[in-house]
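Shared between the two complexes below is subunit A, which has subunit B as its partner in the first and subunit C in the second.
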Partner chain A sequence: MTDVHLDPRPATGVRVDPEAPRRPRWKRKRGDGPIAFAYLTPALLVLVGLMGYPIYQLVLISLFDYGQEQVSGGAPLTFLGLANYATLLSDAKFWTVLGQTVGFAAVCVVGTLLVGAALAVLATRVRTWARMTLFLAALGAWATPAVAGSTIWLFLFDANFGFVNELLGTTGFSWTYDRWIAFGLVAAQVIWCSFPFVMVTLYAGIKSIPGEVLEAAALDGASTLRTARSVILPLLRPLLIVVTIQSIIWDFKVFTQIYIMTSGGGIAGRNLVLNVYAYQQAFAASEYGLGASIGVVTTVLLLLITLGYLRALRKSGEQL
Partner chain B sequence: MRRGLVEGVTVLIAGVVAFPLYWMVLTALKPEHEVISADPRPWTLAPTFDSFVRALTVQSFGRYLVNSLVVALAVVLLSLLISFLAATALTRFRFRSRTTLLVMLLVVQMVPVEALTIPLFFVMQSVRDVAPAFGLNHLGSLVLVHLAFSLPFAIWMLRGFVAAVPVELEEAATLDGASRFRFLWQVLLPLVAPGLVATSVLSFIHAWNDFLFAKTFIISAAENQTLPLALQVFIKPDQNDWGAIMAGSTLMTIPVLVFFVLVQRRLVAGLAGAVKS
Partner chain C sequence: MRVANRVAAAAGFAAAVLAVTGCAPVQSGPAATGADQQTGQLRVWLFDEVNRGPKEAVVKEAVTEFQNAHQGVTVDVQYIQVQTRAERFKAAFSDPKSAPDVAEFGNTDLAGYVAGGGFTDLDLSGWADAKDLLPAVLDTGKVDGEVYGLPWYVGVRALYYRTDVFNELGLKPPTTLDEIAPIARKVRESKPDMLGISAGGKYTYGAMPFVWANGGDIARKDGDKYVSTIDSAESKAGLRQYTELIADDICPPAQCAGNGGDASVEAFRAGKAAMVIGGDFNRKSVDASSAAGKYAVVPLPGKTAGSIAPAFSGGNLLGVMKGSERKTLAKEFVQLLGGKTYQRKMFDAMGNMPTFADVQKAVAESQPAVEPFIKTLNAGTKFVPVTPNWAKIDAQAVLPTLIQEVAAAGNDLDVAAKKAADAMNAAFAS
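Then we have the complex of A and B:
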C-alpha cells in the first residue's frame, strides 16, 4: 500500500487499507492506550479545535440573528431557531443561486469527465512521445494554482488586450458581461484545471486492463468507440465512480474561479453560486447567521447528492 | 499514417491545454507596450524581465512570496510531525476507539471546508485575543487552518506507509535495546520517508494555493498577505498591470509545477496501483 494519491483537491476517494494493524506477538497486551493517546494528542487537538468545533459553531450561528451589531457586542444575540432557513427558502434569489450552482456544477462535472475520459483513451493510442507531451501539458494545467489559472484565463479573454478576441476578430467583446457566457468561461477554466486528474486516473485504469482483452476486441473488428463503450467502460466502472464523486464534490464548491473571474459573483450577483453567496452574505453583508445557514444547506445538499448517487449505483447493482 | 494523424491531434490538444501557461510566461516577458496592445501577438522579439522587477519591487511581491513560503513550509513541517505520530498510533497500537477514529478521519475529509469559513473567522478572532500570532491578520491563523485541513488525509495516507514497515523490525530494534522513542525517530521515520514526501507535497500545495482563507483572515494587515491574495490586490478596475500580474502568476506557479514534475512518476504508478488493489 504505497500508492501516492496526488490530488490538489480535498481527498474523498479513500481506499481502505488492507493491512490490518499487526503487533509484535510478544507485546500483544493491554496498556497501549496511554502511549497511543499521547501520540494522537496533537492531531486530536488540532482536529477538534479547528474542524469539530467550527462545524458545531456553523450550525449554531445559523440559528441566530448574527450581524455586525451582534459581533461587536452592540446588540444582544437573539435565537431565531430556523428563521434564517425560512428566510432563505422564501428568498427567490436563493433559489436562483441554487439552480445556478447545480447547473454550473453539472456542466463542469460532465465536461471534466468527457474531456478527461476522451483524452485518456487518446493517450493509450499514441506513442510515448506524444503521450508525454499531452501529460506534461495536463500536468501544467493541473499544477497551476486556481488563483493564477483564473487570472490567466481572464487576461486571455480580456475584452481589449485578450488573445482570444484577437484570434476571433471580436476585439472589445466582453466575455464576462453576459451571465451565461461568463458562466461558460468559468466552467471552461474549471474543466481545464480539473480534467487532468480524471485523465491520469482513467489512463492508469485503462493501462491496468490486460492487453489481451483489448487485442481480442481489436481482432473482432471493434471500433474505438465500440471498444471504449463495451470493453473499457464496464471494467473502469469502480474508478469512474470515484472520479465522478470527487468531481461532484469539487465542482459543487467552486469558489476561487467564480470569485476572481466574475469579480465576486458578477454584476448584481448574477453569477453567484452557493459558496460565494454564503461568503458574500457573511463577509460583505455582515449577515453571518444567514451566511452560515447557506453553508449548512450547501453541506447537506452535497451529502445528499453524493449519497443519492451512491444509492443509484447500488440499485443498478454496482459494488463500491 | 492513421497513427500519425492521431498523434498530430494529440500534440495539438496538448498545445491548447498548455497555451494559457505559455501565454502567462510570454506576457510576463513581454515589454509593457506589447502587453497593453490591442493587437496581441503570440511571440515577442524583445523579451525583458521588467515585469518581474516591477512585481517584485513596486508591488513587493517578494514579501508575499516569503509569506506564502513561510505558511506552506510551516504547514508541511507541523503536519508531517503530527500525522506521523498519529499514523503510528493508529497502525501500531490497538486501543478501543481506534476504529471510531479511523472512520472519523474519513468523514472529516468530506466536510466542505469552504462552509467553515464563517465559524473559523470567529475562532481566529478569539485566538487573536489569546495568542495574536495565531489569530486574525497573522500568518499563524493560516498555518492553523491548513494544518487542520491537511491532517486527515496526511494521517490516512501515512498509515499505509507505516503499516508497510515490517513489525519484525520493531522487534529487532527493541531487542537491540532501542527505546520506543529512538525506534520512532531513527528507524521508522527514515523508512516512511517516501510517504512523508508525498504527503508534504499535498500539504504544501493546499496551503500554497489557498485563496479563500487568506482573503478571509488577513483583512487589514497588508504586510501579512500571501501570494494568491496579493495577486488579486494588483487587479485594479481601471488599468491592470497585466505584465506584473502575469509575472506574479508565474512566480506563484513555478514552485507547484516543480513539485508536480518531481512526483510525476510516483503519481501515475500510485494511481495504477490504486486501480489494481
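Then we have the complex of A and C:
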C-alpha cells in the first residue's frame, strides 16, 4: 500500500466545517442544497407532472358540482366549496364503508405479511427445485391480472359448479352470500395475489444477510428463534417497513376483487369498500365532484396512516 | 374591430371567472359544429349481443341498401358492449371527435344522455312510418315532449312457467299476484331442488310490476321535479309481495338475492325454476335451453283476477348524436334501420318486438308465442322517471339495495323503503 492518505479530510472531498458540532443539524450541510436540488430536479419534475397535477385537479374538481353535463359543456360549473365533503362526511353509509375498509385492509395486510414472510423463510430452507417451484407458483399468482384472478376464484368457489364445493361436498353453498364469508373469500384472494411481492422482497433480504453474522450468532449459542428475533428481524426492518407500507396502500385501495367477486359490493352493499363505494356513488353516477372528494379523503387517510406508522417506528428507535 | 373586441371581452370574462373561482376543472367545448355534410363516413354504434350473427346480417343488409341509395357515403358499424356503454358514451360526449353519428341506446339512459348533451332531437314529421308508432312506446324516446330517440324495439316481461311441473302437481298458472307465492311454495315443497319462482334481488324490472299493480310507483312528478313514492303504502304492499318470494321456501336468498334479470332467467333455462318473470327478448334463449317445449308464457297477473300487472316498457332507441357532422344522413339511416321493414327483419332475426302497431299485429299472427307479451304491452306499461338523475339512481343501485335489504338482510321494509326514497329524493334534487 503506497497510496496513503495523509489528508485528515475524508476522501469524498466534503469540507468539514470546524463549527459543525455547535450548529443545528439541518444547517450543517447547507452547501449541498443547490447541488442536491439540481440532482433531484428530474425526479421532482416527473413527480409534479405525474402526481402533483392529478392531485391538484382532484382537489379542484372536489370543490365543484361536476357531473357529465358539466364535463361536456352542457351546463355551467357551480363552485360548491366544501359542500361535497359535507355531504360525504354526513353520510352514515360512508362511515360504515370506511370502517369496513380499514378492517378489511388490516386483515389483508397482516395475512399478506404472514404468508409472505413464512414462505420467504421456507424458500431459504428448501432445496433448489422446491424453491424454484415455489417461486414459479408465486410469480404465477403475481402475474395474474386481478380481473382474471378474481374470476377464476369465483369459478372455483361457484355455488353449483365450483371445484371447492365439489371437493367439500357442499354443492349449492354460496361463498359470496354471507357478509363475513364473502369478505373472507375476497381477503384470501387479495392475499393470494399480493403475497409474492412480500415473499420475493423478504427472500432477497434474508439472502443478503452476511453469513458471518449468522455464524457469529450460532457460535454464541443462539437458538433459531433467538437468531430470528435478535439478528434477522432487525436487519430486515427497513425492508419490512417498505412492504408493510406498500401493503397498506394496496389493500386500502382494493377495487377489482370486491367489485368482481361480490358483484359490485355484495347483497345490499354489505361488502362495499371505499373504492367501490366511490365508484358506485360517484363515478358510475357521473358525480365526479363527489367522487373526487372521496379520492381526496382516501389520499389524506393513507398519508396519515403512513405517517403515523413511520412515527411509531421512529419512536421505537428506528432510523429511516 | 369587432372580433378583437369580442376576444378581449372573452379574455376579460375568463380572467374574471378565474379571479372568482381561482381556477376551474376542464370542460369540453360546444359539441355541435353546425356542419351537415352529405358524403363521407357515417359512424354507427350498436350494442353487441350474446348471439350477434343474425343482428349483424340484418344491419349489413340495411347498410348496403343505404350505401346504394347514397353515393359517396360509407357506413361504419361498431358493436359496443352493453356493460361498458356508460364509459363509452361518456367518453363520446366529452370528445365529439371520437363519437359516432348514430347510436343505439337503452331508453332508461335517454334522459341522462340528453342532459349530457349527447343526442339531438329527432324530427319525425314527414316520415310515413311515424304515424304507426305506438304512442306509449314513443314516449320512452321523449324528454320534455321532444323526441330524441326512435324506439327500435320494445321489451316487456311476462310470466314464464313450466307446463310439465304444473301438470304433474295439478297446478294452474296464477290469476292474481297474490297467488304466485302459494303456488311457488307448493312447487318447492314437492320438488326441493327447484325454485318456486326465480326472483332475483337485483331484478328491478321483475319487481316493479308488483309495485305498479298495487297502485304504487317509483316516483311522481311534482311540478318539474320528481318526488319518490317508493315508500308509499301501495308501493310497500307491492314490495312486500315481491320480497316474500325471496325466502327459503320459494327462492332462497343465498341463491337468489344476488341475481339480476339475466341470472334469474338463467335458473329457469337450467331447469331449476318452475316460474320466472322473463322478457320477450329471452324467448329465443329459453327455446335453446333444457326448458324448451316444456314451458308456456302468460301475462303477469295484476291485483285482481283477469287484470295484467303493468310491465316496464324497456327497449332500445336509435338516436342522432349532437356532435354529428352528417345529421341529415344520420337521420335517414335511423329511419331506415328503425323503420317498419327492418324492424320486421330484426324480429325475424333476433325476436326483437317491433314498435309499430301494424308490424306488431303482423308478427303476433305469424308467431303466437309473442301474444302474451303483446297483451301485456296493450294492457298499459310503465316507465322509470324521465330525468337525467335516473341514471344516477340506477348506478347507485337504490332499488336493488332496497329489495336485498328486506329480502336478504332481514331489515324492516318501512325503514328500507324510507331510506331508498330519501336516496332518490336526494338524486332528484341534484
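For this structure, a couple of remarks:
Everything that follows uses one rule, which is that the second predicted complex is superposed on the first by the 240 of 320 C-alpha atoms of A that agree within 3 Å, B and C clash if a C-alpha of one lies under 4 Å from a C-alpha of the other, contacts with A are read in each partner's own complex, and residues count from 1 in each chain.
Note that contacts are C-beta pairs under 8 Å (C-beta built on N, C-alpha and C of every residue); 3 or more make two chains touch, one makes a residue touch a chain.
Here the structure is a predicted model, which means the values were calculated and not measured.
In the superposition on chain A, contact of A:Phe94 is made with neither subunit B nor subunit C.
By the touch criterion defined above, A:Phe104 reaches neither subunit B nor subunit C.
By the touch criterion stated above, A:Ile61 is placed in contact with subunit B and with subunit C alike. In the superposition on chain A, A:Phe255 makes contact with subunit B only, not with subunit C. More subunit A residues lie in contact with B than with the other chain of the pair subunit B and subunit C. By the touch criterion defined above, A:Ala268 lies against subunit C but remains apart from subunit B after alignment on the C-alpha atoms of chain A. Within the superposed three-chain model, A:Gly73 lies in touch with subunit C and out of touch with subunit B [touch as defined at top].
Overlap of the subunit B and subunit C interfaces on subunit A: residues 57, 61, 71. On the subunit B side of its complex with subunit A, the touching residues are 3, 6-7, 9-11, 13-15, 17-18, 20-21, 23-24, 27, 35-40, 42, 81-83, 85-86, 88-96, 98, 101, 106, 108-123, 144-145, 147-149, 151-153, 155-157, 159-161, 163-164, 167, 170-171, 174, 180, 194-195, 198, 201-202, 205-206, 208-209, 211-212, 216, 227-228, 231-232, 235, 242, 245-246, 249, 252-253, 256-257, 259-261, 263-264, 266-277. Taken together, the subunit A residues at the contact with subunit C in this complex read 57, 60-61, 64-66, 68-75, 77, 79, 159, 172-174, 176-178, 263-270, 280-281, 284-287. Within the complex, the subunit C residues that touch subunit A are 20-31, 86, 90, 93-94, 112, 115-118, 201, 253-255, 257-258, 388, 391-392, 395-397, 401, 404-405, 408-409, 411, 427, 430. Of all residues in subunit A, only 1-8, 10-12, 14-15, 17-19, 21-24, 26, 28, 32-33, 35-37, 39-40, 42-43, 46-47, 49-51, 53-58, 61, 71, 119, 122-123, 125-127, 130-131, 133-149, 151-153, 155-156, 158, 160-163, 166, 171, 192, 200-201, 203-205, 207-208, 239, 249, 252-253, 255-256, 259-260, 275, 278-279, 282-283, 288, 291-292, 295-296, 298-299, 302-303, 306 touch subunit B in the complex they form.
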